[in-house]
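Heads up, the next two complexes both have chain A, just with different partners, chain B and then chain C.
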Partner chain A sequence: MTQPPAAFSDARTRAAPRPAAVIRLLAPALAVVLLLFGGGLALGLVQSLGHLPAAGMSSLSLEHFARVFADPDFFKSLGLTFYLSLTSTLIAAAISVAAALMFNTLAGRSRAIQFIFQMPLTVPHLVIAVATVFMLAPSGLLARALQNLGLISSATAFPLLVNDPWGAGILAAYVWKEVPFITLMILAVLQANGAELLDVGRTLKAGRWQRFRHITLPTIFPSLGAASLIVFAYTFGAFEIPYLLGQTYPMMLPVWAYKAYSDVDLLSRPEGIAAGLVIAAVAATAVVLAQGLTQAARRRGAAL
Partner chain B sequence: MLNHRARRRFQVFGICLFLIAALPLCSVAVTWSEIEARAKGQTVDWFMWGGFPSTNSYVNGYVAPRVKELFQITLRQVPVKDIAEVVGKLLAEKQAGKSSGGEVDMMWINGENFRTCKRHGLLYGPFADLLPNQKLVDWGKPSVRNDFGEPVEGLESPWGSAQVVMIYDAQRTPEPPKTLGALLDWARRNPGRFTYPAPPDFTGSVFVRHVFYHAAGDATAWQGSFDEKRFEPAAGATYQILKDLAPYLWRQGRTYPENPTRLAQLLADGEVDFAISYHPAEASKMILDGLYPESVRTFVFEEGTIANTHFVALPFNAADKEGAMVVANFLISPEAQLKKADPSVWGDFPAIDIRRLEPAWQARFAALPRGAATLPNDVLQRHQLPEPPSEILIRLEKGWDERVLKGR
Partner chain C sequence: MKRLLFGSAVAGAVLLPFVPLGLWAFSLRWYYPDLLPEQWGLRAWAYVFGTAGTQLTEALVQSVMVAAVTAILSVAGGVPAGRALGLYHFRGKDLLSMVLMLPILVPPLCVAMGLHLWLLRMGLAATFGGVVLIHLTACLPYAVFVMWGVFSNYNLEFEDQARSLGASSIKVVFQVMIPLTFPGIVVAALFSFLLSWSQYLSTLIIGGGKIITLPILLFALMGSGDRPVAAAVSIVFVIPALAALAVSARYLGSRRMLGVW
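Take a look at the complex of A and B:
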C-alpha cells in the first residue's frame, strides 16, 4: 500500500492509520469511558445482585431481578416506555427528514430560520418539560388563548395533554427537543454530498419521488439511523420529562427505577438498580441492532 | 527475669490505664471557640430540598452572607429534589469506605430519612449539645426530643417547626369544611375540585396520615412501638376511603400532582379549590409574592393537624464539620430565627423557645407582622397532632401505592 502524496490526500483517500496507533490515540477517551461508565455499570450490577454491605446485605443473588420481573407493573412500564420512545423517535425522524430537505434548499439563504430551528438544541430537557406544562396544561397558555378567542368554553373543554394516559405531553416534548438534533445530523450529510448525485438523477429523468427514494434516502440513511438511535436510547432512559409530564401510574421505566432507588426502604435500592440495568440492556441491544441494520443498508447501497 | 517481665506488664498496664483515662479528655477537649477557629475559611455545602423559593432566598440571601461576615464561612446551598437522594449517596460512600472528605457537610432532614441515616450510622455526632445556642431549644418538647418517634439523641439540631394547614380562596369557597371528614364529603360533592400530591411526596404523605388518624378515630394512640394488629384495620380503612374518593378527585384520581408546588399552582390556576402546606405562613408569603390572590386564607381541622420539627444534621464523612456546626448554631440564634419567622422572608415557625429569650428579643418576635392568611399562634398550637412513628409513615406510603394508586 503506497501513500499518495500529501497534496492529493483528503479525508477519503488518506490511508488509514495502523490499529495500534488508533488505539493509542483513543486511549485517553477509552479510559474515561471504561472507568466511569464500565465501572459504574459493574458497581451497579454488583448492587443489583444484592451486595449492599452498608445496609447489611452482602449475599449475591438474582432475587432482585426476579422481583423486578415478577412485578406486574414492570411489563406495563416496559411496554409504556417502548411505546413512548419508539413513537417519539419515529415522529421526530419523519419530521426531521422533511425539515432537512426543506432546509437543504432554503437554509443557505435563511440563517435566521436555521437559528430559530436550532434553539431547542441548547435548552435542557428539564426546561422543555416545564415549558410544555406551561403551554399544554388545562390552565396553560394554549388553553387560555383558545378560551380568550372563544374557541373553547372553559379550561375543562381543553383536551388533556399533560399527565395524560397516552403520553401526549411526553411525545410533544421529545419531538420538540429531538427534531432539531436529527435534522442537523441529516443536513450535514445532505450539504456535504447529494447535490451532484441529484443532478445526475435529474439528467437520467428520475422523478421527484424516485430521486428521494433512490438517491436522498440511501445517502441520509446511515446518519438518520444513527441519530434516531441516539434519540431512542436517550428517551428510553431519560427521567425528567416522563417524571414531570407523565401520569403518576403507570410510569415509564426510568421513573420506576428512580422511585425504587430513592425509596426510604433501602431494600428496594437493588431493585431500582436492577431496573436501571434493564434499561441499559435494552438501549445497548437497540444500538447493536441498529448498527447491524445500518451496516446491512450500507452494503446493499454499495451493491446496488 | 520473671520480676522484670512482671514490671514490664505493669508498665504496659499503667500506660493503657492512662490512655483510657485520657480518652474522654480528648473528646471534650474541643471547645466551642476552637471549633469556631477551625471553621474559619471553610466552605459548607448544605444539601437541602430546593422546592420552596422563600427557603432558598432565606438561605442564599440572608444566612450565607451573614455567616461569611460573622465567621468567614462560605455557605453553598445545594438544592435537591428529595433529601433521600443524599441519603442514598451517603450510603454508597459508607460502602466505598469514604469516611472523610465527603462532599455533603450539612443536610436539611427529618422523619424517615433521619431514621434511615441514624440506623445505618450515616450521621456525625452527637453534636447538638456542643452548640451554645442549644440552651434556647426546649428539648423537653416531644416533637423536638423525638423526630417522628425516633429519639434525636443530639444527632440533629432543630431548625424550625412546621404544621400542616389547608389553603383555600375565601372568595371561591366562603365556607371551607371544618374537619377532615367534612373535607372528604366536600370533595365528593364537588368532583374534580380536590386532590393531594402523590406520596411519597412529603405533603401528600402527611395528608394520607391525616386520613389515617381520621379512619382510626384516634390520633394520639400511635406513639410508641408499632402494633401490627392495631395498624392493619385502620390502614385498610384509610386505603378504602382514599380509593373510594379517587373518582371524585382532580382528573378522576388517574394522576396526582407530584409535589405541593404543583398543587399550589393548580389552586392558583383555579383547577382545584384547596392546597395543602406544611408551612403555616407559606400562603401569606405567596400572596406577598403575587402567586396567590389576596383572598387566599388557611385553616386547620377542628380535630387538629400534624405538626413536626425539621432539623439539620451532619454526615459521618463531612469534610467541613466545624463550619457546619457553626452554621447550625447560627441557624438557632435569635437573630436568624427572627429573620426566618418574618412572613416577608419565609415565615417559618421558630425552633427555639421564645420564652427563653431576653425580653427585648421576645418583644421583637411578638412584633412580627402576621401575614393575612396566617392563623394566630394560639389557634395553631391548640390544634397540633403528633407525627406517627416512621414505621407507620413508611407502611402507609407503600400501602397507598399498592392499594390506592394501583388499585390492587
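Take a look at the complex of A and C:
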C-alpha cells in the first residue's frame, strides 16, 4: 500500500508558545497511537505470554514463545521471510539507483512519465498480487506469449513462478511496488544537492564511474539506506502478496502467524500472536535504524 | 532518443501488470494458449453490477464508508498534530516522529491480533466502529506526517495579522488556517482514505467476516477462480488509488509529492 513519509526539515519552526498548547494539539494523535497501537502490542504481548482467561490460562509464562522457537517450521518461515524481504529490497534498491540517475538527467520534466512512474505507490498490494497471478502463473499471459513465440511447447514447460519455492512472483510484485518509493527518496536528495558537486568532480577530471562512486553514492547513501530499511520493514510484515503468491510450505512469516492465529485450536492462537510480535520487533528495528540514518544525515547536512 | 527509450521502459514496466487485468475483465472465453481472449464480452461487469450486484455493491459501500470515516477522523487528528510538529520546536520531537512512524510501518497484523480480544469484550469486534479503530492506527499517523509537511511550509504571520484585525480563534482556524492548508488537507484525507481502502488483514481479523469490504470479497473471488470477475473487481478496487495519485499530483505538483511520501 501507500508508503511512509520521510521526516521533514523544519525551516520555519519557532519555539513553542507553551508546552501545554503543543500537548493539546498532539493529544488526539498521541491517544490513538498510544492506546490503539501501543495498547494493541501490549495486549498482544500479554496474550502471547499465556494470559488468556477465556481459555482458562491466567498465569504468565514464556511457554508460547518457547514453543514458537522450538518449531522448525517457524525458522523455515523466518528464513524465507528474511530471504524474500532482503532480496526484493536489494533488487529494488539497485533498480532505483539507476532509475533515479536516469530521471535526473533524462525525464525530469515529463509529467506523464512521472505520473506513470508513481502509480505503483498507491496501487493496493492485493491488486498487484492478482495481476502477478494473471501474468506469471503457468497459464498466465507470459506463458501464453512464450508459447505463441514457440519458445515453450506447453504450459508444463513454463517454469513455476507463482507459489514457487524461490518466491519469484513475490519478488516481482514487491520490486514493482517498491522501486518508485526508493527512487523518489533518492531523487529528492539528488535534485537538492547533487549538481554542484558533480560539476566540481567534472572540473577535477573525475570519470563517470569515479563521480558516481565518490560523489553520487555518498550523497544518496543515507536516503537510499533509510528508504531500503523502510521497504524491508514493510515487506517483512505484509500479508496479501505472500498469501496469494507464496507456496503452501514453508510460508512467509505473516502468513504463518495468521494461520496459527486463526487455527481452530485456540491454543495455537498465542503462538500466532507471538510470531506477530517477532515480526513487529524486526519491522520496528528497521524503522528505528532508518530514522537514525535520516536524522544523522540531517544533522551532518546542517553542520556543513 | 535516450529519453524516449527510458520513458517507454518506465511505462512498459509499470503498465504491464495491468494488461492481463484488462484483458481478463473483458473476456468471455479465453483458453490457453491463446494470447488474446477468443471471445470478448461484458459478462464480468454484468455479474459485478448485476447478478452479484447486491453483494458487490454492499462491499463497495462498506469499503467507502469505512475509508471515509477513517479519513475524516485521521484528518481531524492529523491537522492539529501536524501543526504542532510543523510549526514548533520542542524537546522529544525526534522521538515523537519515530513513535508516529512505527504504526505506519509495523504491520497491522500483530496490533489487530492483540486488540481483537479486547474489542470483542467491548462489543466492538465485528462492527463498523471496531474496523475503523484498527484502520485508524495506521491512517491517523499517516495523516499527521502529511500535515507535518504542509505546516512546515506554513506562514504563521497570516494568522497573526488576522488576529490583530480582531478575528476570533475560531475564525482564524476556519477562515485562515483551513483555507491556506486546504490542498494539504485534501491530500491527507485522500491518502488516509486509500490506506484504509487497501487494508485486508486487519479488516479480516477485527471484522471477523461480518464487515465485508472490497478486498475481502476480492480474496474470496480469487479463491473461487473466476478470473474475469476477479479482474473486474480489481479494476474497481484500483480506481481510487489512481484518482488519489492524480489529485495529489495536481494539487501538490510532483516536487511536493516527495514530501508526502
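Definition applied: the second predicted complex is superposed on the first by the 252 of 304 C-alpha atoms of A that agree within 3 Å, B and C clash if a C-alpha of one lies under 4 Å from a C-alpha of the other, contacts with A are read in each partner's own complex, and residues count from 1 in each chain.
Note that contacts are C-beta pairs under 8 Å (C-beta built on N, C-alpha and C of every residue); 3 or more make two chains touch, one makes a residue touch a chain.
As the structure is a computational prediction, the values presented were derived from the model and not from experiment.
Asker: Once the shared chain is lined up, is A:139 touching chain B (first), chain C (second), both, or neither of them?
Answerer: A:139 contacts both chain B and chain C.
Asker: Just checking: does A:163 make contact with chain B only, chain C only, both, or neither of them? Give me first, second, both or neither.
Answerer: It touches chain B, and chain C stays clear.
Asker: Counting residues of chain A touched by each partner, does chain B or chain C come out ahead?
Answerer: The partner with more contacted residues on chain A is C.
Asker: Quick one: is A:50 in contact with chain B, with chain C, with both, or with neither? Answer first, second, both or neither.
Answerer: The answer is neither, since A:50 touches no partner chain.
Asker: Contact-wise, after the overlay, does A:73 reach chain B, chain C, both or neither (first, second, both, neither)?
Answerer: Touch partner of A:73: chain B, not chain C.
Asker: If we overlay the two complexes on their shared chain A, which of chain B and chain C does A:261 touch? Say first, second, both or neither.
Answerer: Both: A:261 reaches chain B and chain C.
Asker: Classify the contacts of A:244 with the two partner chains as first (chain B alone), second (chain C alone), both, or neither.
Answerer: both
Asker: Which partner does A:201 reach: the first (chain B), the second (chain C), both, or neither?
Answerer: neither
Asker: Across the two complexes, find the residues of chain A that touch chain B and also touch chain C.
Answerer: 52, 54, 139, 155, 243-244, 261
Asker: Which stretch or stretches of chain A touch chain C in the complex?
Answerer: Chain A residues touching chain C: 1-17, 19, 22, 24-30, 32-33, 36-37, 39-45, 47, 52, 54, 99, 102, 106-107, 110-111, 113-128, 130-135, 139-141, 143-145, 147-148, 154-155, 176, 181, 184-185, 187-188, 230, 233-234, 236-240, 243-244, 254, 257-258, 261, 272-273, 276-277, 279-280, 283-284, 286-288, 291, 295.
Asker: Given the complex with chain A, which residues does chain C contribute to the contact?
Answerer: Residues 2-3, 6-7, 10-11, 13-21, 23-24, 32-35, 76-78, 80-81, 83-90, 94, 96-107, 109-115, 117-118, 133-134, 136-137, 140-142, 144-146, 148-149, 152-156, 191, 194-195, 197-201, 205, 215, 218-219, 222, 227, 230-231, 234, 237-238, 241-242, 244-246, 249, 254, 257-261 of chain C touch chain A in their complex.
Asker: List the residues on chain B that touch chain A in their complex, please.
Answerer: 82, 84-85, 87-88, 91-92, 94-95, 112-113, 115-116, 120, 192, 198, 200, 251, 254-256, 258, 266, 269-271, 390, 394, 397-398, 405-406
Asker: Could you pull out which chain A residues touch chain B in their complex?
Answerer: Against chain B, the touching part of chain A is residues 52-55, 73, 137-139, 155-156, 160, 163-165, 243-244, 247-249, 259, 261-266, 269.
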